[in-house]
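For clarity, chains are labelled A, B, C and D in written order, and residue numbers in each chain start from 1.
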């Protein structure tokens, strides 16, 4: 019974494993620790931001500012470290604080002015990117020994793959996200607001506090993704992570979360992120696709995943329970 | 100045919505250890009063005292903290959460700071057992019928009420067994010293449990009486402002002349939904459907109306075979269905009363042949008058109407299509006595004109009152039929109870 | 007459925003309101605003229907690119203008049907369903042009972008005609009410006998048509199809226009004309930024500030200024629906 | 032995970029190199992913057209560990030159400078108000081409940039922004020249100028960068005055040095700078147009 909620997740997982198997048959090299390590490292910032996005979407909202906030934090950190000589750790704290406050402010506007999250976070997206431009339009390298130290922190897996610090951090964020979503009151409030905001209010859910908290969390995680991005590239650049919000939304949705709110799993998002990474890797391994075919194939694969997922869900729902879907 | 055992005392409450005086100087109090029935016609202001008392709405003026101290209830959460547990009129739960989470949200038991799901589920099971519900509390609330959801809402409110429990039409769509259980719980709470506010349109229930009665009419206080001092007739005239002529007892309809105009479903069924059954409805006939919660009544209706598709079976209309693959097909044949869950499947909340009434007729005509605004207005005006729908004007969004009036709007939507076969799933849910009588009268008149009717109701008296035949469902099987003189409350009860199923 | 008055009252916050933005534009550039007639054609910044705003307005018209049905269409930008690519390549290959136009519109319609089927039949979430075409569509457009900007010189096609009629640029005429026609179709038939109905409560609408699937497919098809039209105009304007950049991010502008126009992203009540007004507001802001002479690094900040301003004005006019003074009033208003 | 080379391209955001891609593929084919192509759709993270993918596949060499100068150290470090030579195309990167074998690029600042110097010469001491169409805000060609142009005109006080706004490197934005410039500057009367960071924007702007009733190339001089075919057509029509070539053939020299290195281990110089050639209507624009048309612009 309870598993009906996990159905989309299992479907996604099965599809991922199938897809991976297909890839490996075609390119045996893809079954290597290198590729697995890369999947984690290369998608770390995307995954971390996607955790925040999962909460936002489960609550029935959306956060378009994610990519811009990543860009903004990466620039801010680079400028603080390189121009002002701030220690990276301190810079991280400053950036994370600003990102969190930024998210909370958007949440407050969404709740108190009762305007759609889409618009508020769109304004947030412009604002954050604009602030990054105003700080500097140059790309700024970070050459601090602390970064070098952090880069050295990786676990070399047999076969040459690396489990890097940021890859590990993403996994930790996901685990934390799962705990928060399912084992805290805050998590249940998020689902409640997404299910029906009015009912949630009548049932005594602290809607204002929770809404602000959700966007603050998303802001914080976007900031953290920015930190990870700055570690990933050892630089800050105002144009980085453009359009990442759409990638995170796609990852969240592929993971089985409904954009209408109330339904979804953080763990599903993880699979969604990895699936997106897999699509990218497959295309790189293939290496014959022109620029345009790349886009077409990405679109087709996206469609294939989503259609397969729906098919699996519908089929097993038909087999599993007597529930009749409403028209 | 206040009496010592006064729990909640509201004085001179006023509230208006855009010029409409929904509450006009209401005094209302709840004592320790009493069940206080709050009565009135649809749109009298009962739900609004509850919402003011629990902080959903801010009163324009007036004072509220709790245990002798003035309070300003900020919001429902604050009301809960003050020990007021409430079940609002529409089921206001979270369908996407598990039953247990619905019961305990905001106060989940915790271990090491994390929610302790196992303990929570154990407690939830125990809590629901008091109402004879044994379900998987880990399952999503939406997988259960409206009635179960209503019971969950009640269980939650009861569990949270420290001193005052408010129930706004909790018994609509509950069957008599559940109602008895609920009354048992209410009496127990009363004996523990809680004050209970109880809103209902079933006068029998009022007399069964309540100690005092307050009646509202058009937002004004009519009066508060001891239940024992007030006869039913007086109560009705307090509510309506007039006496109700003969409407309280309605004679059973005689079976109509056998007619060629009939609709037959044969060997109709759907796996895991309803076992195959035969059903024929002639023009002028009223078939009542009785059964326990979850016996498959709503599912039968969905099947007949083409919402769920049958795996097997055939339909003939006036002897000709037809196919129904969607509600549209059904409507084209002259069918109509008032669904059980009016919030989810009935009203189009943001659209106006006028549009809601015209909708089905317009859909049948097709989008090209638009009904002019004047035509819609005439239609709406006609039904607003015919069904006595209380609304300031027909351009008001239907979601702002009181619950009973919304129900009438949906009924009007179907009557406007002049159907030949109408399925009503819990049609009188939340409709007041006056309107109830009027609707039954209307149904009778329509049947005289040749309408065939299938009425699903949990209120057996109601079924007895107007059915020419009664279909009894048990465990998703059409288990029997009563006709003519066999139809009586006792017989129906017996048929329902025979070989009590394993489903519950 | 009273309809006009109440319409104006409803549009008051948007009109106020427009006035404020135009005022700032005037401050930045005193010749902003100048209009002159030359060769039977109007010239001036105001005409530019309308002209440049036309593609977004056309997108917004289609998007309004989609959003009213509780959906959203992210693929409009990509569809623009595809339609433009088809128009340009076919023109270059020498097909006649009517064939070119029809094929190009047919591409948009096909895309719309595809989106509609994904949403209505496969029941994919609109954002995801249209995300597929948003990604793949631009690829298809580039496939058609082979990554090149296909330049053409066919005067007939170019006329759609830069010609003029009745003294106004063609894009403005087309957008206005489309808007009026759509309003007429939507309000003179029952379509408007049915769309609003499925947008508010699809389940209840199905119970009432509305063929919501067909309706949804129709809505997305119309949106695809609008996108193709906008794509033709955009290509005609620059006399070439720029598959990679045509319509890029315009889906966000279109959605923004619809929301500024007051249609809720949750579906239901909509107004085509208000969405067009929303598009004009956005374009006034963009034009203002261009002529202000600010360094481009500030563009986005100005944009964000204007959106916030619009939100504030709308929120304030919704429930009076007391909302701003007493937080939570909006929440209370919402609770009333319980 | 056949070489397998991975090529991480930025995307296909402009005609020039598309030409670079097709020329690269052509060159690879000519030499029998197996080219693995990955389009990053303007995202650095995709480029990094692609490079990591190439390493995992074990290619013989990697070509990268870096979308931005920073952020390559750790991934190139990995390539170095795997002993795969890396060649940069179009532009350099910040960081140790040990990370790559060589770089084949144009000098973006020089491009701007060449354009500016042409204008200085052309204006010949007369007053000249210039409007500038910048590339995408924050992109390195936009920053560098602006810088080079400003350096070139710095010594000539008669030449002033009076307006500068981004046209996102696209024709449509180029046209729209130019319209705004024209309106804001007295219908174009105050403008003597337009400097566009790429030809696409210039082509759009030329249309705007024409529609405003002025003659591009005469009333308003047009100078831009890239040398894509369409600008030569405009030049032939007398509507554009100068363009600075950015050759799409970066891969040719890259493959040359790579083959030499593979054959006998010759290390190439660290920088191979392509020519920034100035074209004016004197250079038989129609001929150049025909030459360039087949290159996939």
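Here is the rule we go by: a residue touches a chain if its C-beta (ideal position, glycine included) is under 8 Å from a C-beta of that chain, and two chains touch if they have at least 3 such contacts.
On a predicted model such as this, the values are computed, not experimentally measured, just so you know.
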{"item": "Farthest-lying chain, centroid of Cα atoms versus that of chain C", "value": "B"}
{"item": "Contact-richer chain pair (by C-beta pairs counted) among A-B and A-C", "value": "A-C"}
{"item": "Intercentroid distance (Cα basis), chain C paired with chain B, Å", "value": "43"}
{"item": "Inter-chain centre distance, chain A versus chain C - centres from mean C-alpha coordinates, in Å", "value": "29"}
{"item": "Distance from the mean Cα position of chain D to that of chain B, given in whole angstrom", "value": "71"}
{"item": "Chain A, residues touching no fewer than two other chains", "value": "133, 137, 198-199, 201-202, 290-292, 294-295, 326-327"}
{"item": "Overlap residues in chain B, where contacts from two or more other chains coincide", "value": "56, 88, 92, 307, 326-327, 344-345"}
{"item": "Overlap residues in chain D, where contacts from two or more other chains coincide", "value": "11-12, 18, 21, 137"}
{"item": "Chains touching one another, given as label pairs in label order", "value": "A-B, A-C, A-D, B-C, C-D"}
{"item": "Contact set on chain A toward chain C in their complex", "value": "109, 111-116, 118-120, 122-124, 126-127, 129-131, 133-134, 137, 197-199, 201-202, 207-208, 246, 249-250, 253-254, 258-260, 290-300, 302-303, 306-307, 310, 326-327"}
{"item": "Touch list for chain D against partner chain C, complex", "value": "11-15, 17-18, 21-22, 134, 137, 163-166, 168-173, 175-177, 179-181, 183-184, 186, 200, 203-204, 207, 211-213, 230, 233, 296-297"}
{"item": "Residues of chain C defined as touching chain A within the complex", "value": "122-125, 127-128, 131-143, 146-147, 203, 206, 243, 252, 255-256, 259, 264-266, 297-305, 307-308, 311-312, 314-315, 318, 323, 327-328, 330-331, 333-335, 337-338"}
{"item": "Complex interface listing, chain C residues touching chain B", "value": "188-191, 193-194, 196-197, 200-201, 203-211, 215, 268-269, 332, 335-338"}
{"item": "Complex interface listing, chain D residues touching chain A", "value": "6, 9, 11-12, 18, 21, 35-39, 41-46, 48-50, 52-58, 68-74, 94-95, 136-140, 142-143"}
